[in-house]
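So the structure is just underneath, and the comments pick up after that.
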Amino acid sequence: MNAPDEPFMFPPETARADADALHLALDGWEGPLDLLLDLARRQKVDLRQISILALVDQYLTYIERAGTMRLELAADYLVMAAWLAYLKSAMLLPKAEQEDPNPEELALRLQLRLQRLGAMREAAGRLMGRDRIGRDVFLRGAPEGLRTDRKTVWRSDLFSVIQAYGQVKARTAPRIYHVANRPVMTLDSALERVSAMLGVTLEWMEIRDFLPPHASPALKRSALASSFVAALELAKRGRAELDQDGAFAPLRIRRLKEGQAA
Amino acid sequence: MSDEGQPEPGTLERAVEATLFAAEEPLGVEALCAHLGGLALADVREALALLEARYRNRGVHLVERGGRWHFETAPDLAHLLRREKEQVRRLSRAATEVLAIIAYHEPVSRAEIESIRGVQTSAGTLDVLMEAGWVKPAGRREVPGRPVIYATTPTFLDHFGLASRRDLPGIDELRAAGLLDPVDEAMEAHMRFEPDDESDPQSDGQDDGQDDENLAD
Amino acid sequence: MSDEGQPEPGTLERAVEATLFAAEEPLGVEALCAHLGGLALADVREALALLEARYRNRGVHLVERGGRWHFETAPDLAHLLRREKEQVRRLSRAATEVLAIIAYHEPVSRAEIESIRGVQTSAGTLDVLMEAGWVKPAGRREVPGRPVIYATTPTFLDHFGLASRRDLPGIDELRAAGLLDPVDEAMEAHMRFEPDDESDPQSDGQDDGQDDENLAD
């Protein structure tokens, strides 16, 4: 708080810089508010009792004297100077002629900002002054370290192993394919069979009588179909004639003599 | 403690002592419990309290920082140890201020930091603080633009020897004085009463109320 | 130890304690003396002796190794530094198959395992089985390339409740249990008893007969 008595024109870091390097002086401030705060501190009163008017004068004087400062760096400072000059003129005018914004309000706002920045500056100093690890207090130089080893415990059971083996064997065993011999009567064998049986008699015979007597139902179905087609074929060749009383009635077949027309 | 001086340390106390000595970073009560095989929190807390007392006058202290515990050398012996140790890297003034603002106001956006400092914060400043592990992004503020907000880390508390943010130097006074409130809020409070009188106790009281609300966030 | 328990540690004792705590490597008496600003060797030795006694029952001991001193975890608490966390995992299908092949065919090389499985075996699969302690390398087969051959371990028999490998069910038993049926065939057998197929019991009988023939192969 009580900074040593330096010429207030210079920020602490560049206190010994000569006048030619005035533009460098601004490098030491963290912006216009920082400069204002430092100037305010030099009034050596509580920030709440600070004279804004005096502060404005000090700031403007400083900026005037730092006329050679680098413009890009100085822009913020110049904006602040213009604003403060406006504030000063507003404050000097009689109260009755005040318009919005009220200069007292503006001054208060500036004061509040300075208080807040000042509070943080001081807090930062106290924070940095604490017992810091690696500077004031030290941690154990060579800690052994804690380690958690993750260990996987594998689990399985006998059934899974046996089942897996069964599946491997089944998957990789040579596979044998059986083509089932389906019970059918081919057209050729039906033709042969029907022709042979027709040769026995000239009487009408029911087609069912041509079927093999002890065949399985599946073979019977096949034989019926084949025998029917064989009968049609024989009729076409003029060797037999067919007869049926009606739909789904028994189908009869009879041999034709050689040369006899159907 | 008994008349006969310090009693023999119990098994749990020894286990906690050994674990914290060996640990490479501070451990919270829960981490300790887990490491020691799922003990009751209360037992571990008791052991920590015993150990803390036992080491209070020693060259090494057991300290709690942000809910995590570690051993460190006693601060009064700093002069003995410092000479061989590397100095902590000096922070720039800007970084120091930004760190203080984040610590006292957290969570806080970059724009809020800048409005307090009255100057733009260079990108490098926040980076330095994040690299040191003292500051981290803590989400976004739900206002237009959704700015990133920043907060301090447990490492920050460790490094500066703070048990919690409540231990930040002067934080209670600053809060009571309304100095952690935004200027706009303070202006309103001032204007509502006597604009000219900054020392109005009522306006101070008002500030307090608002601060508590902030804390409860 | 005095009747009044441990006395407050002296300044030198605290200094030695903090120095050894913060040191990155063990320090000899002379190094300690130099570090502490040129104290008498005898004083430092005395402080070391006091500290050594003070820590004797603690979770951390002050020990001398080859003339140099350092703190280390008490030997009976060493297990705290390396905690093992067990995680139970079920063996994967592939690993189970490989294990089964080794168990049925041991000793067996990797190439043989692959030819039985009909697929390549990833390196990790055998590692898992060895990590589990169920399989071990059992020498090399004396054929060109001398491949490593694998066999099961006594741990394998333990875990799976087998008195010996002879307790593994034989191929015939597996077949009888349906475990050698290819999956799709087993499915068919299952489907045959579903309601859809009930229409023609005679033809069913026929199919069954043919299935039996297949099984007899």
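Couple of notes before you dig in:
We call the chains A, B and C, going by the order they appear; numbering starts again at 1 in every chain.
Keep in mind that, in the parts below, a residue touches a chain if its C-beta (ideal position, glycine included) is under 8 Å from a C-beta of that chain, and two chains touch if they have at least 3 such contacts.
The structure displayed is predicted, hence computed values, not measured ones.
The chain with its CA mean position farthest from that of chain C is B. Distance from each chain's C-alpha mean to the overall C-alpha mean is smallest for A.
Rounded to a whole number, the gap between the C-alpha centres of chain A and chain C is 35 angstrom. Once the centre of each chain is set as its mean CA position, chain B and chain C turn out to be 43 Å apart.
Looking at chain C, residues 18, 21-22, 71, 73, 80-81, 83 sit in touch with two or more other chains. Residue positions of chain A touching 2 or more other chains, listed in rising order: 138-140, 144-146, 148. Those residues of chain B that touch chain A in the shared complex are 19, 21-24, 35, 61, 70-75, 78, 81-82, 85-88, 91, 93-94, 96-97, 99-101, 103-104, 116-120, 158-162, 168-171, 174, 177, 179-180, 183, 186-187, 190-191, 195-196, 198-199. Considering their complex, residues 2, 4-6, 8-9, 13-19, 21-22, 35-37, 57-60, 71, 73-74, 77, 80-81, 84-85 of chain B touch chain C.
Chain A meets chain C in the complex at residues 138-142, 144-158, 160-173, 175-176, 178, 180, 217-218. Of all the residues in chain A, the ones that touch chain B in their complex are 30-34, 48, 76, 104-105, 108-109, 111-113, 115-117, 119-128, 130-140, 143-146, 148.
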